[in-house]
Structure formats: structure tokens, C-alpha cells
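The same chain A turns up in both complexes below, where it pairs with chain B and then with chain C.
Now for the complex of A and B:
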């Protein structure tokens, strides 16, 4: 009964409900406008809402998150420019559909499928999180440490980029997180004897720089690109269409939830993997993939919204973010004095059910806003980038300043913005940096706890890893990710899968 | 997985982090070497925290992570060196075009002027110059759009989020008080 009340909190409080609605609405447009990403929006927003109560702040962020993951598909379909990273795969078949004059159908299917995917993700979250958190109580410090390492590695290994660069980015993030006085011994770390470094680098400054300013700088390359107008007619898809793609959408939602729930990897990676999956299982698409296949829309859009629910599972139960946005939300919870982890579910189950309720509300709003307001949409998306980019930068500066009223944070933010710009150009993923910054403390604390409890003996530490099934699984996964980069693995893979993969037509 | 390159090797997300897998982009080697150098400095600094005193010492995790940074940065440099240079791109055109340098300079200028001048004048200057340079439209349009959007931003942050930016030379507090008195007086 209490659970139900906590779940319904958001629906019974008009203020919270409006905040979720406003967030979702804003999210759809933030997601749709190329150059504005959800990660950017949430990282800027966290600095403005930190003086609020925790419920309204979370409600707003969840709305933006849910709406933003969906919103990217709009511009992907209409302009062939993914509005948000999670819509990269959507453009491949959505835009050809729009070129054939089926933009309305494409948007309609996308919206309904995002809704279905979103719900599956939330359902899995509601069912799995309590179980995971019960289980998580038995986690040893070393397991947390291994999980954190695994999360940082996963982004690099599941994406299309290079794992080595991913590992570098993750390690760099951990180092940033370690700057300042060590909380346990008060020793100075990476301060170079400078006073301003003693209190550490504000993770909000790092996030806004990496996801706000660097993205805006990157968008300067495309200032002159014009928007394309499209006439949109029928939007709501027929029941037959939905039913036809339901089996595929269930499969790709599963991919989405799993990828979302893995620490570190989020909707963008889920969407690409789901697209790949759809290509493999759809034997005879009506239209070939890449030319406007409906399956090519269904798969990434269900997966990326399903990943939202999935990403909350490790965040709430373990305090380990499921993706970059939940990494930022962990930061928001810290600011509000909450400590995500297995104890959160026990001490404050209300918080968890409030998040689930807000996600449900956001998902419903997403469906409503997705199927209406197309005309307003085309107006907003046509906002010229020459205005948009300076405004994003202004917001980034205000956001970085607002948290601590500190101009130093603004300098850090600008520095990381310019650094992140180069990282993007040369193929270094940014997600692991943020993950590293957020997980640095957890990693360090748990390592020290683990090794002290083993009396500073590495042999005993590894004996503990090998004899505990959970630690062993985590440890083997970490090792496997490293092995997957060596030539040995590639040779083994061709021996086992060689014939099948080689015969797949590309 | 097929390689998807949505936006000219610019990293738009973690799934497609940009860069070119088969070529070396202009300046990539310099960046790689810079990272290697920075990692070495950080590793030296990490060693200075507590040395090899104990496994649970405050310097252990920093030393391990910076060691990982050095190794991976070195690997990246070795791999990058072997790749052929992408001759279709230049630093001036594809990596650091003039417009990026200009805006980056404006941002640094903003950071320097924010405290002495205050939020409103600095932001107005920044928006006017940036929007004028990017849009290349008339002064009337530029001024209207920049000052209009600045007003909206200021109202939202000052009123909804109650963020206090450095006031500088504009007596913000007094202006708001005047409006409060007006509203309060008429109610």
C-alpha cells in the first residue's frame, strides 16, 4: 500500500505532474534540436535545480531524459540529422521513408514503438531493482570495485570506437575524480601545491564542459546547414502495423533493457546493437534496410527508450550509473544528500517508487507530445544554429557558475570543453570520463576497504576474488574485455563464427 | 557491426566516438603525444602522493590509474603512428576552423570579463559578437535576437532558478527592487 502511494505521488501532486510534463515536452525538443543532447541538458539543469527539493528536481530530469531519448528521432527522420546520439541508427531508415513521403508514418511508428519500449524498460526496472538490491547487500567492497572497472571498460568495448582510447578516457576520469584532498587521510592528490586544487574539481564543471561546450563547439562546423521542410499528414499508425512489429519490438526492447542496465552503456549503444539485431533476424523486409525499412525504425527506437528504465537499475541498486545521464543523476542525488546504493531501497523505498512513477508519467506524456504538436515542432527545429550555439554556451557558463558561485568552476568547465572537443575529433569517447569521475570515489574507497580487510595482502585479495562466484564472474568479464582486443581473440572468433559472419551480405 | 559515421568523424556519442579508424587525422599525433606527456606528469605526481608505502595508501589508486593512462596513451601513439595520414583533411579546415578559434577566444574572454563587468554586460557582448559573427545578418536583427534572448535567460534564471550571477557594474538588485515595489504598490 505504501509502495502504491509512493508510486502515485507524482500523479497526485499536480506540481510534480506538471514538472514531469514540462520536462518531457522540453526533452522532446531538446532531443530533436541537433546540437542539444539530453546529457547536455541534464548536466546543465542539475546546477540550476540543486536548490530545489529533491522530488521536483528528479521529476524534471526524468521528463527530459525520457523525452530527449525519443525526440532525437524526429530530426533523424525529417532532416537525416540525428537530434540526439540515441537516434543515429534511426536516421538510416527513417530519412529514406521521409524522402518517399512517409514521414508521418515514420514519426507515428517511432512514437508508439518508443512508448512500448519505454514501458518494457520501466516494467523491468520495477520488477528487477528490488531483487537486485537484495542481492547487492551481499556485495563485497571488491565487487563494487570490479563493477566500477567493468562499467568503465564496457563503453569502450561495446561502441564502435577503440577500447584503448575508452580505457584511457576512463582512467583519466578516475584521476580527475581523485584531485584534491583524500577524504580518508587528507593527503593532497594531484594538487600541484595549488590552493584552488585542494577542494577538487567540480564534477558538474567537467560534465557541462564535456557535454555542453564541446558539443556546441563541434556544432560550429555545421552552422550553415539549413533545415528541410516536410509536409506531414497522417501520424497515428494503424493497429495492424504495430501488431506486425510487436515481436521484433519485444526482442529489441530486451536488448535495450540489458544494454541500459549494464553499467556505463546507454541508449545510443543499445540503439545501434538493436538495429544490427533487426538486420540479422528480419529475413525478408518489405523494403531493404537502409532504404526505408520499418524494422530499421522499430528496433533502435524501442531499444533506446527501453534502455532508460534499464539504466536506472544499477544506478538505484548499486550506485553505479547505467549510462551518462544516470551518472549525472547520481551526482544530483549526492547533492541532495542521498546515497544511491542498496541501502537507498531499504532506507527510502519511496524514492525508488517515485522514480518509477515519474518514468511512467514521462512515458505517457512522451506519447501525447509525440503524436501532437508537429507544426510547432517544425518551427522550433528551424531555430538557426547561429543563435542556438551561443545560447548553449551562455547556459553552460551560467550552469557551471551557479553550483558553487565560483568563477574557478567556469574556467574548469571551459578547459574541459575545449579538451573534450579534441577528444571527440580524435575518437576518444567522453562517457567513460564522466563515469570515471563519478565512480572514482567509490572505486578508491572500496579498493582500500577490500585490501585492508585482506590485511594488505594481494594474494589473499585474489584468493577472495577467485573463491566468490560473483567476484569471479566480474573478474573474468574484465579479463575477457581485455582479451577481446588481442589478436588471439580475433583468430579464435573467425575459427568459430568465421563462416557464418562471412556469408552475411552487408 | 557496420561502421556508422554520421557527422564527419565528429564524435557525437559514445557509440560512435568520432575519429577515423583507418586513417590518422591531422593533428592526431600531436594530441596523442600531448596526452602521453600529460599522463607521465600525472603519474609522477601520483607517485609523489605516498609512493609505494602501502596497498591501501591514498596514492595507490591514482598511481594505478595514471599508469593505465600512460600505457594506453603510449599504445594509442604507436597505433596512430602506423596509420596513413588523411590527406583530404587539414587542421585549418576540419579540426580547428577559424570560427571555432573565434568562439573559443570569445569564451575565454567571457571568463575574464565576467567578474569585473558582471553577468549582463558580459553576456550581452558575448551574444552580440558571437551571433553577429555566426549569422552574418544585419545589426538590427543581431541586437534584437541577442538582447531578447538574454532577457529571457536572465528572467528564467533570476526568477525561476534564483541563480545569482556576478552583478558587476549593473545594479541588478536595485532594479529588481524597483519592480517589486511597483508590483507590490499596485496590488
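Now for the complex of A and C:
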């Protein structure tokens, strides 16, 4: 009964409910603007809500978080500029849909799927938090490393066209991620003794440049062409559409929750892995992936919103942040006199249920705000290009500056924008670059941790891999996925299964 | 019309003239936090500053500026004006920049507004580790050289200083040091069994200890800690630690040298007042921090003692890039 009351607190107090709503609304827009991140918004809120009670402060932050993770998809679909790293995969099929005049449908599907994903994440948090956090804790450095390798293998599904160019782009991304003082030893890498390189290259600046500026430059090619007319007949997807994608969304939500719950990985990696998963399991999409496949929207959007619930799991059960936003929330709880840690759920179970309740409320508001105002939003793509292009440039510059309040980041952003333009021009995919930057540290740090832990002995390292069930599963998956991308696999498959399946579509 | 314009200009001049004599602070003050949002420096600064604002009668806008082990933030404040409108909110790391080759500036280029508090280091182990206290751990390490995994956070971090201290006092410490991004991720790894022992600040590990997810081997202090009265202190096992303790990371607010004295005095008074706030005292106590509230000569004394002790400890352990001698940092006791 007390549990139920704690859960319902947010619904029974109009003030709290309004705060969640305001937070979610603001989050959608903060998330939609590249460079303005949820992390930043939440850390500003810490000072802002300092003198408040703890419940209203948390309610507002949760609203922003939920709304922001969803909001990133808006600009990804409409402008091909992901508002947040977790919306990178969304752009790959969302933008082609907008170009066909189906932006309304794309946003509708995204919203409903984000809601479903978010809800699954919350359900897992409410029902199985201790179980999942136990599982997440079991990940050793070598498991994180294998996970990163698994991520790197996504290069294949992120590059349309030449795989070689995709691999080049991915390797380039990993190199960008390694620039600066190595956080483990503080040794300088790829800095050429320049002070500007010392703190590394901001990943957000790379993303904004590659997607935002290069898109604007590309659009300059056809400034005079008329914008695509958007047909907004049906925004809310039909029940049949939702039902059709339900099995996929359940799978991708699971990916989202687990990746979200792992400390050190978040919604961005979850969304990319989910996209890859969708590509693997969807045998015959109505529209090919990369050209506007519905599945290409469903997968990343369910996964990144499910990762929100996932990120709260280690935070509430152990006081360990699941991602950057929950790390700041832990700080906020401290400031409000609570002691987040393994004892929080025992000492203050009300807090747990209050967070679950607020997440549910935020998820519902996200659905409401997501499905309204679409008409207005789609007008953005219908704007003349001569207005749109300067607007994109302005947003990119403001966004890049806002990340660290540093003008250096703006230069990086512009540089990568121009470079990205030429990459696109010569058919190099941009997705793998970002993938490389995201995974660079995960791969590098954990490989070193793993091998240092084994006294730099490869034999001991592999002994560890084969004796741990978790590592073994990851290791075998890496090998299988790698083989499945080589011609060897297709040949072997034909030999074993005969020609029944016909040629496997890439 | 012309007369009106003239009048407006005159008024503007008058306004700006009074502005020059106006009381500090007459505009927003910027607070640059050296570490990321959600970390302990961030938490401490965001908790104390609103109380200091009240005493000051001004606004302090805080922003996190990370990178280069905090050197980016330090250099940014050092490159700014010495007018008291930019505060550096930092931790102990800058005192090691010179010997670690991370930069050519440290707190000697700054005036301390307040050294707020000091943390206490504690050695924790995973709950199923084959030893229960410091003595047991040392015996186990001697019996199994090069097998026990210690968490580390890079040269100059708290774990590197503590392991250097152990190594100096015990005459060697043959363990594997596994590097992590900070004590948070390392303590997570400890609970997952990826490392066996972690030297951490008490505040970061206290909740884990309370829940039994990690066990305290020894508190690195000269007296028992009120937060963990049952945990042994390291001097009980080896009195030689007396030379180096008490030692701990600290948090402080600084302004660039050359800031007008009245401004410094005002800021010092404001932060001294803010640090007295019961909510803040409670927060610091919960996290196991010792309040210091040092300013002026006391702060300088504290900083130079800290720098001498720590840099020479690291120098003797072979962890520095340049000897402290090069920068005129004298060996303690000389």
C-alpha cells in the first residue's frame, strides 16, 4: 500500500505533475537542438533547484531526461542532423522518409515507439532492478572490450555502399577518439605538442560538424529546388503497424535496457546496436534500410528510450550511474541530503517508487507532446533552403559552443563539417566515424584494463575469456557476426543448406 | 531632441562613473568547476555556493570545464582578469601539475578564498577478498607477489599517492595497478570483482561499506573516523605512517593573484559564512569530509605542506616526470 502511494505521489500532486510536464516539454526541445544536451540541462537544473524540496527537483530532471532522449529524433528526421548522439541511427531511415514527404508518419512512429521502449525500460526497472544490476556488475573489462568489438562490427550495417570506405571511416573515428591526454596515464597522444589538442576533440563537436554543417553545405548544391511538400494525413500509426513491429520493438528494448544499465555505456551505443539488430532480423523490409525503412526507426527509438529506465537501475540499486545524466542525478540527490548507494532502496524505498512514478508520467507526457505540434514542426522542412541553411549553420555553431563554452570546439566543428562534406561527396559514410568516436575509449581503455589485469599475458587473457560464460558468449558472437559479413559465410551457407534460400541480400 | 540625446549621454556617463565606485559584486560572478558534473568537486561547490551567494549578495554562475586533469579550467581562470569575477573551484590536483608535466601553473598563481574541506582516504577490498584487514592484505601480497589487483586513477590521483605511501613505508608493494577513469568507475569494478583493492576517498565508498558491498581494510588517518568507528586506522598496523598522515584530497575556491584585496576579503567572508550553513555541514559530514575553512596564511601553509609531502612521495616512488627540486619545492623537513 505504501509502495502504491509512493508510486502515485507524482500523479496526486498537481504541482509535481506540472513539473514533470514542463520538464518533458522542455526536454523535447533541448534534445532536438544539436549541442544542447540533456546532460547539460540537468546539471544546470542542479543549481536552479538547489533550494527546492527533493521531489520537485527530481520530477523536473526526470521530465527533461525522458523528453530529451526522445527529442533528438526530431531534427534527425527533419534535417538529417541528430539532436543527440542517441539519434544518429534514427537519421539513417528517418531523413529519407522526410524527403519522401512522410515526415509526419516518421515522427508519429518514432513517438509511439519511443513510448513503448520507454515503458519497457521502466517496467524492467520497477520489476527486476536488483537482478539486472547484479548482471550489469558482472561485466569485466574484457567483456566491455568484447562489447566494443561487437559495436565496431556494426560498421558494415552503417555503411551503405563500399565496405572499405566504411572501415576507413570507422578507423578514422577511433583515431579521433584517441586524441588528447590519455585519461589513464595522462600521456599525450596525437597532440603534436599543440595545447589545443591536449584536451582531446569534443565528440559532440565532431557530430554536429559532420551531420549539421556538412548537410548545410550539401544543400547548397540545390538552393533553388523547391522543398518537399509534407503530407500529414496520418500521424498516429495504425494499430496494425504497431502490432507488426511489436516483436522487433520488444527485442530492441531489451538491448536498450541492458546496454543502458551497464555503467559506461548508454543510449547512443544501444540505439546503434538495435539498428544493426533490426537489419539482421528483418528479412524483407517493405523499403530497404537506409532508404526509409520503418524498422530502421523502430529499433533505435525503442532502444534509446528503454535505456533511460536501464540507466536508473544501477543508480537506484547501487548508487552507480548508468550514464552521464544519472551521474549528475546522483550528485543532485547528495545535495538534497540523500545518500544514494546500495542502502537507498532499503532506507528510502519511497524514493525508488517516486522515481518510477515520475518516469511513467514523463513517458506519457512525451507521447502527448510528441504527437501534438507535428504539423508546425514539419513546416521546418518546407522552409525555403535559403532560410533553412543559415538556420542550420547558426544552430550548429551555438550547439558546438554550448558543449564546453569553448570557441575551440566551434573551430573543430567547422573543420569537421567541411571534411564531412568532402567525405559525403566522395561516398564515405559518416555513421561509422561517429561510431568509431563513441567506441574508441570503451575499446581502448577496457582492452588495456583487461590485459593489465592479466599481467599482460595473452594466455591468461584467453583463459579468462573461455572460462567466463559471459565473456564466452560475447566472444562467440563477435566471431559469428564477423564471419557472417565475409563471403566465406554465404558460401558455407549455400553448401550446407543448398540453394533453397536463394542469394542472401546484403 | 538633441538636448535629450545629450542628457541621455550624460546620464550614461554618470551611471558608469558610479559603477566604478559601486560595491563588489556589481555583476554576475563566474565559477569555473575543474571537474565534471556529478563528481565530488562539483557536488561540494554546488552545495556551498548558494549559501555563499546569500552572504555575498551576488550571483555566482557555475560551469563545469573539464579536461587535462583540470588544467584546462585552471589555465582559463589564470588567463582571465584578476578582478574577482572569475572563481576557480578546484581540488588538489593542480599542486601536482608541475612535477607530473601537466602544466606550468599551480595554486601559487592563485589566492585562496577558502580551502573548504579535506577527504580521508580508506583502503577498501571486495567482500570476498581473501583478507580482512591491512595486515592480512600485506601478508597475502607478500605470499602472492604480483597477483593482487589494485585500482588506480592515473599518476597523481589519490590511489597513486596511497600506493606510493604504502610502498615507501613497507619497502615495496608488488601488485597490479589497473587504471580507471576515477574512483567511481573503479569502485564499481571492485564490486564486480574486476579489482581486489581500491584506495578511495571515504565519501565515495561509505555507502558501499555500509551495505557490505566492500570491506574497509584500513583508514589512512591518525585517528579513528566517527563515520566508521569499527574500521581500523593504518597507524595501528604500522606506526611509520605517522610521518605522512593526515593526508587527503581537498576542495578549494580560488581567485587569480592580483585580485583587489577588498574583493578577496569579501569573497573569503562570504565563503566562510556559506561553509557554516548547517545543511552544508551535514552534507560534508555524511560524506566523511573534514571541514577546514582555511584562508590567507593558513591556506598558503596548508597548500605548501601538502605539495611538499605529496610531490616528494611521488618522486621517491618514481612516478614524477620532473623532480620537485626543479620547481623549488623543498623536501619535507629540510
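For the reader, a short list of remarks on this structure follows.
FYI, the second predicted complex is superposed on the first by the 270 of 506 C-alpha atoms of A that agree within 3 Å, B and C clash if a C-alpha of one lies under 4 Å from a C-alpha of the other, contacts with A are read in each partner's own complex, and residues count from 1 in each chain.
As a convention for this text, a residue touches a chain if its C-beta (ideal position, glycine included) is under 8 Å from a C-beta of that chain, and two chains touch if they have at least 3 such contacts.
Keep in mind that this is a model prediction, so the values were computed, not measured.
When the two structures are aligned on the shared chain, A:185 is found in touch with chain B and with chain C.
Of the two partner chains, neither chain B nor chain C is touched by A:348. By the touch criterion stated above, A:477 is placed in contact with neither chain B nor chain C. Residue contacts after overlaying the shared chain place A:9 against neither chain B nor chain C.
Judged by the touch definition given at the top, the superposed model places A:198 against chain C, while chain B stays out of reach.
Of the two partner chains placed around the shared chain by superposition, chain B and chain C are both touched by A:51. By the touch criterion defined above, A:175 reaches chain B but does not reach chain C.
Looking at the shared chain after the overlay, A:405 reaches both chain B and chain C. Contacts of A:448 after superposition: both chain B and chain C are touched. Chain A has more of its residues touched by B than by the other of chain B and chain C. Counting contacts by the rule stated earlier, residues 51, 184-185, 324, 405, 448, 452 of chain A appear in both its interface with chain B and its interface with chain C. Against chain C, in their complex, chain A makes its touches with residues 39, 42-43, 46-47, 50-51, 137-141, 180-181, 183-186, 198-200, 263-264, 314, 318-321, 324, 327-331, 334-335, 337, 339-344, 404-405, 445, 448-449, 452-453, 455.
The residues of chain C lying in touch with chain A in their complex are 36-39, 42-43, 46-47, 49-50, 62-69, 71-72, 100, 102, 146, 149, 154-156, 176-181, 184-185, 187-189, 191-195, 206-208, 210-211, 213, 279, 282-283, 286-287. Those residues of chain A whose C-beta lies close enough to touch chain B in the complex are 37, 48-49, 51, 81-82, 85-86, 88-89, 91-92, 155, 159-162, 164-168, 171-172, 174-175, 178, 182, 184-185, 187-190, 192, 213, 217-218, 220-223, 265-266, 268-269, 271-273, 276, 324, 384-387, 389-391, 393-395, 397-398, 401-402, 405, 407, 410-411, 414, 417-418, 421-432, 440, 443-444, 447-448, 451-452, 456, 458, 506. Residues of chain B that touch chain A in their complex: 1-4, 6-21, 25, 27-28, 31-32, 35, 42, 45-46, 49-50, 54-62, 65-66, 68-69, 72-73, 75-76, 79, 95, 97, 99-100, 103-104, 107-108, 110-111, 114-115, 119, 123, 126-127, 130-131, 134-135, 137, 145-146, 149-150, 153, 157, 161-166.
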